[in-house]
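Handing you a structure now.
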């Protein structure tokens, strides 16, 4: 939609039209964090073009749910020597984001079971890509409370807590009763039968008796991490 | 359907036809516990007739979800001097049931919140009417775990544990991880919005990560108690 | 469950058993904010007893979804001269909470339509009761964007933004694209037909394309406010 | 069902029975636009036969959701030299339709995200196949309103507006508040988790606070385009 | 938000803030039809104030789902001598709207059964209030097709057809196959059991095999009428 | 479970235990039609064994949803020279069933669209296998009523009418209004989006305004045919 | 819509327009049974007018779900001396229907529990009003099979069997395995919690493993009876 | 989390951290039965490591839903010579569990159809692995009651009864009416169309009219077996 950067040194245009997608370059200024690219449904070439464009202007680009094939293609481009792919999280970054001032403390990512790890890893990778320290505390489901209480000090040391759980989704309620920090609940599609692809966990978290729990979409580790950064950066403003 | 008792002293007929309802008198012999009457949709007179019939033959009759109006009418009948109504549980009994051999120990009824009490009281009243010792442990929801752990010895002392909870229905998972006894989960319709009248609690309990949890219908305190008695009486056979 | 306070000046017990409800007095120390009482299903006398107990120990008590009848009864008790009832929000408080250090700035409560006001008012009343400055910005639904943009500076001036909307629940997505602060979305049951009592708004908000939006239960103005306070007080620690 | 055309020059039969499908040739006369063929579940040979029959009589045939394999087979038939396949839209046409009088102006197809493009392309291809000028305005989702407002004049210049969106489906409400033309909302199955394959977008659009928005089935770009043509041709009658 | 009209004859402000609701006075200019007020949840006094304000500036005001009590109160105000209430439709108008140029022809409102009449009447009343000629054709459900075909000429004479049906919602498909005009389907909550308050009719209409059918929310006669006017006025521009 | 036939010529046992499945040989005597075997989930060898057993005793065996691989294996067995497979219907029979007295007249199988043919063919194949004359009338959906009315005499000539339709499932209502025979509605999973795999058609048929319509499960052509035979054979008893 | 009967002795018009409802007088000729009137949503006066009109021409009129108030009003009209109201079934008839030839045998109405009786009574009353002999067999739910088997001869003596059940809706499967007659399953809304107003029973019946079971809408005793008569009268043609 | 066993002979640590999963070794002491491993989503190497660890300490390890590939890998490890895989049940065990005192009697696993066998086999394999005698009674669905009654003595001889059924899930109600033992209902996803992947069977079982029936998740044969063991071992304590 916009033409090329004006040769006279004026501010760069806020948006570039790549024909198949408008890359929103003003977003970082407006909402504090730049646009994040959603991988599925894009060809490797499309993904590479969008990320290169973002990286060239912002010095940083982040994509989620990136397949190994997409990641390999993007990493092979000459302009993307800086690419970094976390396979367990399916997160791909170009460059680093170094918030100024830095984001204080850590965000804890608490996962109920090993099957919930992909979502938890996505949250951790996004946190770290955005310059936020993160601590992953896994396999502390409510059926064995001593596991959770053994890790309680680590969790209480965090400034924001993301709780990732599938099946009955009970962990956020228990955590919220034990810590005084904001708790973001991320339901997962882990389960079978009456879990209905994560619906049971989602409903459980929305009905949490733990005051102050807020919820993101099923399997949305990215969204939980993004919200945690927005919350934590509030202290720096 | 059957005629009157045979005059020659043969066994009484197994069933009596009250025109509007067949009273199943053989059931106690067949399944161990006599027929239980469901109150809603019956006129006070119908209810009184059914209970009187059962009581006359079995020495015991039990009805659930009985309104105060129904209870008052039944209690006022000359033949029902023995009637006993637990208003908080909406349970009405005629006579007492004294299992022989007696049912050992207690069944714990653990309730998450005060709003879950009507269902928990129904469970307790049915347990006691069937001759089973019961202990009600209330207001021990997962958002304040210290409440639950403070009562843990009482719960562990029971032979069977009924857990009653609405909203996210997380309590059975936590309890099942802490005790080694059979846990029966009874979801309640307590909640609002995305609780969808108890659906969230029901799904949570069905997906419990706590091994061995079984589930009854929403608000079905009676069913949980009945199952607990069937389980506990197994030890006496 | 606990006995009376020990006469020798030791620390007060963390919990008092009122027979029908355990009042959790340690909660303020543990999670930063004291227990909040849910009004429905409690008799006026029960509600008065619980709130009086909390107030006596904490200097502050807060109840939500309180009916005018409940509020009148509580206010008429000699021990509750300090009671304050916000009818539009159905929120009742005894005493004031003055966080130390104070909570900075304001939380904006943005409501889409006039029918969403009860939920928005609940959020505002809870914010103010917890010592958090609040600004209510109403009737700025997405069908007339100029209404929203006219209030944008007010919204951007807040530290946290609560967005309350029923029907299609589109407002949080739009707001999240315009501000750089944490956005908490509170769906309401406003609507008819295919709104399915707030389900449409809830699903819309969970699928928000606005990064960082987190969601609470349908009609849960209290939960949104509680989460906002937990988020904002992070800056003071 | 009908025999061959009568040799005496009478009107051709209104319908031909191809054994596996009745081709409705009277439809164009009755409803203004001829029968449109749905591709899935038909063999390439069946599809070719149906389209050839329609084309021979009407001079025009249109099929939707046509796979590349189906399209290649049909295009390879000697009788279908006129075939035209829009791969991005999965739409296949034989011949052209030139409405007389011509359809005035353009129909805007507004798409929220790049993942919504297949449905939007289907709508555009059907519009153009039916002789209606079309303008595709993509990647203008509500999370970045400046993208939408930058294209507003293009949208306002259209006579009918089709809005294609997945996830929360909020775009039609926003567009309907900004233009004075009929708005047809086409939800897509884009999303994950609580999008429930497009249900969230569908419910959002049905509950749109934007007056006058009407809705078609999930992923039904064809239906939206067909309705837009029916609406716009009203001006020519 | 805005002050009073400037005394120096400048244009009136686009919006007036009535404290509890922002009345959008620019809307008529922007979208072609002024704001329509939704009655439920407003006090009679609030409704009267909003309608009076709209009427004073626009010469016309329209409210839907107005109860007889609300209507009586508004009609009794001195400033609303011009009020007109259609009880069967629950529609209240102040003043008349005379579109210039006038809206051509009629819009047919076709209703399946007598129970669907309230929704059909709402549609008709809104059409007439907006200056659109309307024809109500009732009790022509698909179980007796001869009823429908007997009225077919009337329906075909209309420029736009609104089809109102509950239960299985089959009528729009049948009508769309018989007319060449835009068909707007309005499902109703008429039915019981597996109609699930109109869900069956809604799903039926969304899946209509009749090309070009678009759908509004359950029981939304107003929305169907509003869309029909937007469609028909296209011919006048 | 039973041993081999007694050597002394007594009646053959009513059931044979094939270890993995009990073949119910008494069923034909009890319900009038023998057991029908459901193909999915059985190995070709299991299916062959069950069908051979049934055929040996009853002179007839019928299986539905049989894959081509299963059918090929069964047909290749020496004992099953009599096997007959209708690929379009996925129905496999061994032997013929010749009811005595014969079943009168025909059952019409009316299908809305070409995509509904597999279910309609299953119904027809089962009818014919059970000795019932059948007539298939396809592609007569409600969007083109003249197609249906052109075949009306054929349909009215049948004794029972099975109506097969997906999408909105409107055809049974229309047919039931035109014929005086029992109508059995068979919804199909044909459709996309809000058809929810046949749910829309199922709900539409359950809410049919056509009196006397009864419904079977989604895609259950077999069940519709079986019910039709049970209905029609009533005339022979 | 039609004028009065022509004075010259021609056939009476097929339909009369009562302004608020078209009474379909040709229906009896077309489908074998006259129009049946649905009571809810009609004023007593409207109902009286419709029934009187039907009765005057057909000698018979039938209405379902008639309230006692409606029935009393209709019965008090001078022209309706012949009115007959079955309160337990909420069915009102004017005149009698005497099919010629008479309908053979009986239809059994089998009801699972006493709470299902209103639906069963509706079925029985409609059967008898249409001239079909009926037998009501109540309180034979599957939890006490001996009750059912004790009545089996009565059920097997019927020509068609209607099975009415709520809760889990298991009775039709059991009955279908025991009889060789057509079984029509009528789910009821009896139950609570996860019965979801009859959804559980409906789904159970649709998935019945009993071959040949067909299903009507929840609580639709009328529909089951109507279908049974259509089925049974087949033997007379 | 814990280090290696202390060299000085103290008690072994209660939990070992395998980095990707915490193996809970205290569980057997706490709940009576050791941790059971869920196979899906684990690599063969991960599964082998977890099971070896459990086996080394407990002398027993059990995993469910284990694929043949996983089982082959685990069995090939030198340390797992004791591995035993039940392919039909997808259950893998290392070592044997010999409860002391032994578990009395048998648990019956009653399955409705052959398609339900995988779930029933899982239940049987888990029972046997836990040292509980089991009896599998298959293919006794309610459509042929004589099959069930022929096996009744076997079922009545069991101490606990697990009932496995898909489709309408009616079998638990029937069984519960015939036996006096605890009945655990396990719904399966067997069925199609309106079975909605086991939802119909689940709802049927939750609404069972058979008193005392409790329910586990869809396809959860493991959970049913685990609960049965917890119930039966009660008699030994």
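By letter and in written order, the chains are A, B, C, D, E, F, G and H; residue numbering begins at 1 in each of them.
The criterion applied here is as follows: contacts are C-beta pairs under 8 Å (C-beta built on N, C-alpha and C of every residue); 3 or more make two chains touch, one makes a residue touch a chain.
Source: prediction; values computed, not measured.
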Contacting chain D as well as chain H are chains A, F
Regarding the chain B and chain H pair, does the interface count as same (over half of residue numbers shared) or different (under half shared)? same
CA centroid of chain F to CA centroid of chain H, Å: 37
Quick one: chain C and chain F, Cα centre-to-centre, how many Å? 59
In whole angstrom, how far does the Cα centroid of chain D sit from the Cα centroid of chain E? 27
Could you list which residues of chain E touch at least two other chains? 144, 176-178, 193-195, 199, 202, 206-207, 211, 217-218
Just spell out which pairs of chains touch, all of them. A-B, A-C, A-D, A-H, B-C, B-G, B-H, C-D, C-E, D-E, D-F, E-F, E-G, F-G, F-H, G-H
The residues of chain B that touch chain C in their complex are 114-115, 117, 138-140, 144, 146-147, 150-151, 190, 192-195
Per the contact definition, I'd like the list of chain E residues that touch chain D in the complex. 30-33, 36, 159-160, 176-182, 184, 202, 206-207, 211-218, 222-224, 226-227, 229-232, 234-235
Under the stated contact criterion, what part of chain H meets chain A in this complex? 1, 14-15, 20-22, 24, 26-27, 38, 40-42, 187, 189, 197-199, 202, 217-220
Which residues of chain E touch chain F in the complex? 112-113, 141-145, 167-170, 173-174, 176-178, 191, 193-196, 199-201, 203-211
